[in-house]
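The structures come next, written out as structure tokens.
One chain, chain A, links the two complexes that follow: it is found with chain B in the first and with chain C in the second.
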Partner chain A sequence: MSAALAPRDRLRLLGLLTPAYLWLTVAIFLPLSAMLFFSLLSDVPFGDAPWHVTADNYLAFFQTTTYAKLLWKSIKLGLMVTLACVLVGYPCAYVLAKTIRGRAREALFLLVILPFWSNSLVRIFSWAIVLRGNGVLEVGLNAILPFEVDVNLMFSTPAIVIGLVHSYLPYVILTSYLALQAIDDSLIDAARSMGAGKLTILRRIVLPLSLPGLVAGAVLVFVPVVGSFMEPRILGGRVGTYYGTVIEDQFVAVFNWPLGAALSFILLAVVLLILAVTSPVLRRAQA
Partner chain B sequence: MTRTMFHATAMALAVAGSTAGADEIRVLNWQGYGTDADWAVAAFTQATGHTVVHEYFNSEQEMLTKLRTNPGAYDVVLINAAFTPQAQAEGLIGPIDTAKIANLADVPADLTGNADLNAGGALHGVPWTWGLTSFAVNTTAFDTLPTSIEVFWDPAHAGKVSIRDDALEAIQFAAIATGQDINDIADLDAVRDKLAALMPQIRTYWGSENDWNQFMAAGDLDVATFWSGSASRSMESGLPVQFIVPEEGAIGWLDGLSIPASSTRTDAAHAFIDWMIDPEFYVRWAAEGAPASANAKAAAALPEDAFNKRVLGDPEVVARVQFQRPVPDETREAYLALWQELKAAQ
Partner chain C sequence: MAEVRVEHVTKTFGDFRALDDVTMDFPDGGFFGLLGPSGSGKTTLLRAIAGFLFLDAGRIRIGADWVEDVPVEKREIGMMFQSYALFPNMTVADNVGFGLRVRRVGAAEERRRIGEALDLVRLGDFGDRKPHQLSGGQRQRVALARAIVTNPRVLLLDEPLSALDKALRVDMQIELKRIQREIGITTIFVTHDQEEALALSDKIGILKDGRMIQAGPPREVYRNPIDIFAAEFLGEANILRRPGGSLPSGGVIHLPATATDASALAVRPENMTLSATEPAADGLSKMSGILAQRVFSGALGICLVERDGNVVKVIARDEDLPDIAEGDTVWISWKPEHTIVIPGG
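Let's look at the complex of A and B:
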């Protein structure tokens, strides 16, 4: 197709694409290459410390069961959070796209995007205040309920899931909303006129047509959650050790950048593998 | 008239001359750790004319890396005695000219003679402060204060216990609980078992002094490992906590001030270190919450009820302390692997 383009069009195309690709090269490709290089070194190449190229950092992953165990734990966390985001976010997106109109929709949208406007660390610390024993949640519930409840979710896996779902829910809502809105209402009307029930419409029309948006949202949630480290560390307490926190430790606490970088690339590889395996399945479901 | 003019000019010249001899020294330290107190820096500048600029590190490894990568950038650096031999062996720090530090005469010989600070056969770090890593309890949770480290394993405090998320500290803590030498742990399996038994008791790990204070204030914890200097600050701020040195012993550390081999302003650096171990500086710092001073005269100048005199001034307590020696890289890595394995099993 590009062969058919006139030289002037080609120039214009180049002008439009160059800034983005230049930015990608500088902001993503270069640092990532530097990290890839680091991951193959025996020591951080600062100062006079001797170093050589080695695969030891990658082998370290297989020498103990610790890393594999934590990676599996992180993947499970990613699945849990993604599922929760989909279950909460998709119906919300449906209502926003198909039921509510006008000013109310704008106001609700604002509420959805609101978490993005605050710093993620602030969000997590405010959750810590809410979830803590004798915290806002417990005091609030006891003020309303006629019986005493003991809510102390802080430093547990549910606390981590709650914090992460709150942080990443908007992705699922936004991507699903765009896909749902693109569905022509007359399609749904036609199905209804032919006697299709609500569930059938959802299963045969709405879900398949909005699946690309839903999947995009799920991927946007799953990938960062698998590597998350701040939320588990702050909200998880004793159970908050995940693959991401171990990588963070390598960079921050023990200053072993090569191992941290190698662990990161293993994570990247595993995530890519998961996406590669699941994408044909999803494409078939869509067809 | 002309005479007065001449005098004024001469004086102005003299003043200009003295400021021209004033240096700007760069200090590398943990943030908020004594050297960067505004009043201390101001007093030093007023007394000597030298100005002080600070840079900070977040781990000993980072400190060493900064020294390696920025030769000439620093004039005074805080190095924990367990790291002084490594810094000396790498040629990062130079020997101290003891003649230039008058207050050194008041530092007891067992500290100035510390084997690690005297790496390479000469004093490479001026003993500055020392302290303990032991634990503190929430006094509202105890009728009688515990005297044994076994309180961490007491089922009565299950889910109300915390230790710091640090491999070396966790393993040395368990070494003390199993009656071993922290610098030469013979039975690492006993340490592993002891820590594995501790894990279910733990509510969360703490990372910083700020974390610790928050968890204690919120009532999340009954007992948690803590540093003596931080404990004195927490008690000072009104938290109902008490620092305990159990009968099993405690981990001791010693911090020294060193001068990088690449420093070009060594006179000013020596003068700053001299001020840092001055009793006048220490008494004021201790009032804000400081670790114990290496200077005996400074320690003696504290009021009777001061934490560092009451708790750390007791020779019986000091006798129970095991001071940290350098840890070889392989040992450190083995400890880290063990600690990560224990954490991952949760």
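Let's look at the complex of A and C:
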């Protein structure tokens, strides 16, 4: 396509693209390259300790089963959170896009994006207050229910999932909303005129046509959740050891940057592999 | 196939009366046009028959059943949308087969009927294409095939041809009529194009501000419009607000026997004749004016004649028009039987 552009247009294009690419180079490519370099070293190249290039950090992943098990645990967490986000977010996006109109939609949209506006650490500690024994949830439930219940979700997997779902739900809602809104209402009318019920319309028209948005949202949730460490650490306590928290430990506690970097790149490779394997399947489902 | 009857149907959206006590009959197997300016309620009426909206009052019958409380998906209708509303994620065959799949007719029967429907619209070889690979006219045919493949009791078309360019539109009018004749389905369509309505319909209904102004065979409505709006909306009309008899500036208008003091008179532009001098023949209605403008449009010539601040339009074969320069005095004449009496005025 660029071959068809006049030199003037090409120059303008270059001018518009350069700042973005420059920024991406400085902010992403350079630090990532540095990390890749670290991951191949025997020790941090600061201070006086001698260091040399080695693959040991990557081999460490395979020498014990601990890392692989933690990675699998993180992937399961990612799947769980993604599934929960899809189940909660997609219907919400559908109602926003197809049922509610005008000012009510704007107001509800604001509520959806609200989590983005608060500091994530504050958000997580708020959940801690809600979920702990004798916390807001337990007191609230006991005030309503006629019988006594014990609700202490703190330091458990459900607490981590709740915290993560709350943080990442807006991604699924926003991407699904955009995809759903793009579906012409007359398609739904047409399907109804041909005798299709609500479920058939959802399964054969609405879902296939909005799948790209839903998948984009799911990916936006899945990838960061697999590497997450803050929510597991604060809401998970002792059960909150995940692949992400181990990486964090390498950087801030053990000060073994090379191992942390190597583990990060293994995570990146695994996530890319998962996406590469699933994308053709999803593309076929959409066709 | 079934007849459709709409009885005293009223629908309001907030303060807006979209349909106001509309009654119309659509006999079995006919082709009916709903005509009106935008906002007149014609699409609302079509969607009411389809079942997309609940009525505030009134009843709708399809065949032997009163259906006003039956949801769209149970009404056994076929509908074609203005945007065609083809499912972009499905092939042409799957689009056409959608309604059959919902009805679980079985794979073999489904394939057979998809093939039949596509053959009917002359798209037999296009089953494997996706909608985005089709031209506008082809999409329209797919939408039509999809609407009739389930043998609905009534076919509803919402501005079926408005998205096509003019040449294609005329072709599709003929095609639409052929298909409708061939399967004999009761068909109701909405249009704002009066020519299209006249060309296709066995009966038309003119709507204005949610009310059905006049309904009847196109020729009858064209010749005997019930009010000035109907006269001007369906074709063109020169409205004469002057009383009949001799005119002070010379000329005469012969009043038809049915005219009263309250009625207005109208003459279609194509029924008027233009001449340079006062026509001598007896019994003609005639009046003079100044030729303000003459427009050549190929086969036809359009002349605007100014008279007492009013503009009268005359349309004739261009070669039949006398050689008169703009600004000259001309005479307009017409046969008395071409004076239309509009009862309501």
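Criterion: the second predicted complex is superposed on the first by the 287 of 287 C-alpha atoms of A that agree within 3 Å, B and C clash if a C-alpha of one lies under 4 Å from a C-alpha of the other, contacts with A are read in each partner's own complex, and residues count from 1 in each chain.
Keep this in mind: a residue touches a chain if its C-beta (ideal position, glycine included) is under 8 Å from a C-beta of that chain, and two chains touch if they have at least 3 such contacts.
Here the structure is a predicted model, which is why all the values come from computation and not from measurement.
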| item | value |
| --- | --- |
| First (chain B), second (chain C), both or neither touched by A:184 | second |
| Partner chain(s) touched by A:10 [first = chain B, second = chain C, both, neither] | neither |
| Which superposed partner A:196 touches (first chain B, second chain C, both, neither) | second |
| Partner chain in contact with A:76 - chain B first, chain C second, else both or neither | neither |
| Touched partner set for A:66, first chain B, second chain C, both or neither | first |
| Chain B versus chain C as contact partner of A:255, first or second or both or neither | first |
| More chain A residues in contact - chain B or chain C | B |
| Which superposed partner A:283 touches (first chain B, second chain C, both, neither) | neither |
| Chain A-touching residues of chain B, taken from the complex the two chains share | 58-59, 61-62, 65, 67-69, 90, 165-167, 199, 202-205, 207, 218-220, 332, 336-337, 340-341, 343-346 |
| For the chain C and chain A complex, residues of the former touching the latter | 50, 52, 71-74, 76-79, 81-83, 85, 87-90, 98-99, 102-103, 146-147, 150, 156 |
| In the complex, chain A residues that touch chain B | 44, 46-49, 64, 66, 69-70, 73, 132-134, 154-155, 233, 236-241, 246, 249, 252-255 |
| Residue ranges of chain A in contact with chain C within the complex | 184, 186-187, 189-197, 200, 204-205, 208-209, 286-287 |
